[in-house]
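For reference, the structure is listed below as structure tokens.
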């Protein structure tokens, strides 16, 4: 990292900072500019000590040079990670499509949705059994009963189940039913939960918090990876900005940016990422053109009567049309969207690759 | 609009607000809820009086119902506007591509770029002669000499010229050389300039300010349209958010959102919209998948030596590859990207349709 | 709430929405405007069904009228809540000052800081034992050993202890040592944690998430209040914006805004709210002028060597000066900053009022 | 500046960048770290070439070291600038208060407001004659008639007039009537206007654009200063963020931050900075505690009937109370708020100091 001294910093202050850098086990290299002195701190350590240098005497600012994440970095593992669970595959040329209701409401709703999204080309089923709700007065999910319904829908269709886990203590229960654990945006920095999800061995879908930077997202992934779990998918689901015509702003440059920095697959959620059904199909197509490795979409038999998020859910016809548009764009950019696999739906899921 | 009274607002306050509404020439309709009273204000007037009601006694808030823009609205003109200038066409199924250097630096640089972008499929040439620069110490553009060079490039290639105009007083000069007047993001609410540009009769490319709402953008367009000029293109060029890995956040949901509200074509600028060359090709493709009616891209023979914006410019090879990716996506979503027209470049431009 | 129909919505669509509103147990009141029809939905229910109506046929938007929080609302409890723990008091005319190190590093550091801040007028001690860290490679806190050190510092000084709890499962442990449980910004929507903290019976300091709206903050408080715990303090600690000269933007209008809506006290954190030591004193004073009921400040014997957040910590001299500036402003606006209480520090804390 | 090479950048790329740095007239100093090489570029030039280096081969990023503004910098002029016009003084220990209606509506409204604000302690009169309005259908101001009314109000009260100028072409007209030219937030980067205002010789009140960074604001001031005009006041008037309970977010840390960087006085506008009358008094007081050199406030005889911005205007009683609160806080922090000067109001204004 680079320690930039204030204009007029004196020799004593510079000497002090050189000492501080060396105390941290780094090599100090002083460069005197025409107006200011800077000290380059050289060594293997990451920039974790950056902040402690900032309050030194005569210091104007400290500029990091190395990224703070390691295991997630493409510099460490240049081959792209492909996450595969049964018919679902995301990463490299594989485009995975996760679709289903926001909340599991009952078996009929969930199973019919699973059948419909499978028929249209989805390769995984989403559905919320534990729901994080802004208001304590809103529907909080069916909990374990919801997980059982999801398992039934998997048995009926062969689609692996992606569902959210809200608390570290729930990981064992949810992992018993789910094929992929989703960490929601509100929990992106719930580190205890990240560690437990990592330890579960199940693939993890990690959603970006609505005001998280790329560095924070990658460091959150690092918590899961460090627990020995390599099957992490990052998910862009929209950020909070001043825009008031959408619920969230969906910044698709996230996709090519992350592809330059990390080997992990990047999924896009155009349902939460816009908050309006009518904007979803085009943003799903745009995500694929941007290079996304997968989509996660809210689908409901009758959005108008959904217990949550109806305003951003597609009905079956809309989902079909969206898949058809997406398939054309995927072909154009060289991504494979799995055609529905012919499998006996009651067979166990293939082992995780 | 709806005037929402505070809980506990008394009869006198409600009576006063009914009077105020009627003074404004609107009809007042009082609805008593279980907790609050609201007053619906009914009439032909737009919501321009909304704010004046907000400071009334006992008023909690005033909620607008009608959009404040008129001429730009798709409710007023359901057929989509197509802006056509020579080989360039944007709107409906037509995808226009405007490409060229950030700044006009000299004739060689500009003409060679114009030839290169035309060969790769661009249908208009961009280039800055008057440059708005954050710092007074930065290169400010060649001004009229730059305009002359742009005209030369047009003569050589047949590509119409899109260039920025910075001040109302410059409109006549710039309009003498340019085919399309660009209003930059910093000037989106420079109303005097909007009116002058509108009065010039030239098509206008209106860039969204980096913290403008959709309503503000459409009202800025309304200033141009009201001056009798129907050839307005809206341009999304990125917004300012907390994201620090891009220069601006490019919110592509702007495209389908505007297509629902207005008949005007929507152009996307992935160069400014990301601020990093490496993110441009994918975001250009994503913009088309989102339904964009055109792209505006920065291209330079040698970005490393560009006098401005080199960090977000494509070189000729990169532009070729971007066009090739874009053409595939355009085909996938049913947009026509004009193949280079075979025309005698010294012929005058066809009249404006 | 108000259901706004699209221009041109037909009688069938309007009839359908009237039925939907009535199905939800509300009364529907149709108002035909000159351009659009709106349906007022009247009844005791809060607007939780708002979103389900948004996807109805012909609906343009749904506008809420009632705030979704209840117990936190000043409409429900007009007298201001005062949270008192030993010498600390926040609310109404009482200004509480919580000060101490970001992380508990060792007994010497913590006890010396406790003595210093008490001498300067602080009425509670802060210190992190469980640290939420963006990077898994950063110092994660001393955990239970840290809690023991905090308890020692309380025994030495009589200052009650405010410390963060990171996970629902840790609440019993942390509550054994702490006087006030702090819910950090990253956990503002960790609902399981909010419920557990509520159930603990300890006063709760709830920090605003860096992109949380006022409504989301108040609904998070509602989770704690609903667990039967009335001693909740809200804390503004800065939001994430495009500003790049501060770590967070500190929006002090939060204070008078919340004072209009809720009876709960509002604490301000100028350390996290700016992220730079040099900006802290003025923003602490400004918070008091804005009406804050308390401050929480990072203080360290030697910020340059702090294991975390040194760049925003005050040293003892700076804290003294800040308190002296704050005391003058508190006097000016009629807030009482407790003068250090003379108490036998080894006495048990007075019971919670 | 520091050129950071990518991991694995080769000798040729490093050599190339060293050459590029030297071509720019700077000295290159190569530092080989354990993982990356960085090149320090040393010399007198500011970082204006930073961006052109970013697109070099093998370059990861370029980090600026020197601030790009010069004349505004406190490093260049350590004594604080005090702007004085008649009874108004802002800077150092002087707190100036500018108050008046958003729009000049008629003589009676303007003169009565001028008298009222003077009586309560304002030292300058604000009022808009040329109004920038988001919608072309809103009231656009009385233009020259409005300027004449302002001049009358000055004659009656002795208060200098602060009024907005919208276009470079209007500067001579507005400067004929006004004592201070206000550049509005929408025009902060209207460089032609900045230059003209600078050349007029009149003091300039430069408002921060709602998404401008500190660096952009200071560089905008630099345009005015470079035109030979040293009487520039910077004005914080709120920024655009995700917050939806205020019209703009008022970030008061702007004040101490700017006081560290520049000698120019900093004025705060709590009317636009909140957008709600009820939040204005407390935010005015907070601004003073933060160290502001002045306030600009909207005051109207009857806000409910104001032609613009009534929702954020104070009436005379509210203004009195606000001044009284502010005076106490000013005393607490050592700022002098001028007591109304006893002057013959028909005397000419004292010459500019």
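Each chain carries a letter (A, B, C and D) given by its place in the written order, and its residues are counted from 1.
In this text, a contact is a pair of C-beta atoms (placed from the backbone, for glycine too) under 8 Å apart; a residue touches a chain by one contact, two chains touch by 3 or more.
Fair warning: this is a prediction, and the values are worked out from it, not measured in the lab.
**Student:** Nearest 5 degrees is plenty: how much rotation brings the CA atoms of chain C onto those of chain D?
**Tutor:** Rounded to the nearest 5 degrees, it is 180.
**Student:** Using C-alpha centroids, which chain lies at the maximum separation from chain B?
**Tutor:** C
**Student:** Could you grab the centroid distance between chain A and chain B? Build each centroid from C-alpha atoms only and quote it in angstrom.
**Tutor:** 32
**Student:** Measuring centre to centre with CA averages, how many angstrom lie between chain A and chain D?
**Tutor:** 40
**Student:** Centroid from C-alpha atoms only, then distance chain A to chain C, rounded to Å. What do you get?
**Tutor:** 27
**Student:** Spell out, as numbers or ranges, the residues of chain A touching 2 or more other chains.
**Tutor:** In chain A, the residues touching two or more other chains are 211, 215, 240-242, 244.
**Student:** Indicate which of the five shapes (line, ring, star, complete, other) describes how the chains touch one another.
**Tutor:** complete
**Student:** For the complex, give me every residue of chain C touching chain A.
**Tutor:** It comes out as residues 20, 46, 48, 51-57, 68-70, 132-138, 166-169, 186-187, 189-193, 209-211, 215-216, 219, 222-223, 226, 240, 277, 303-311, 313.
**Student:** Taking the touch rule as given, give the residues of chain D at its contact with chain A in the complex, in rising order.
**Tutor:** 2, 4, 7, 29, 31-36, 38, 40, 42-44, 63, 65-66, 75, 240-242, 244
**Student:** Under the definition above, what is the set of chain A residues touching chain B in their complex?
**Tutor:** 211, 213-215, 239, 241-246, 249-253, 255-257, 260, 273-274, 278-279, 282-283, 285-291, 325, 328-329, 331-333
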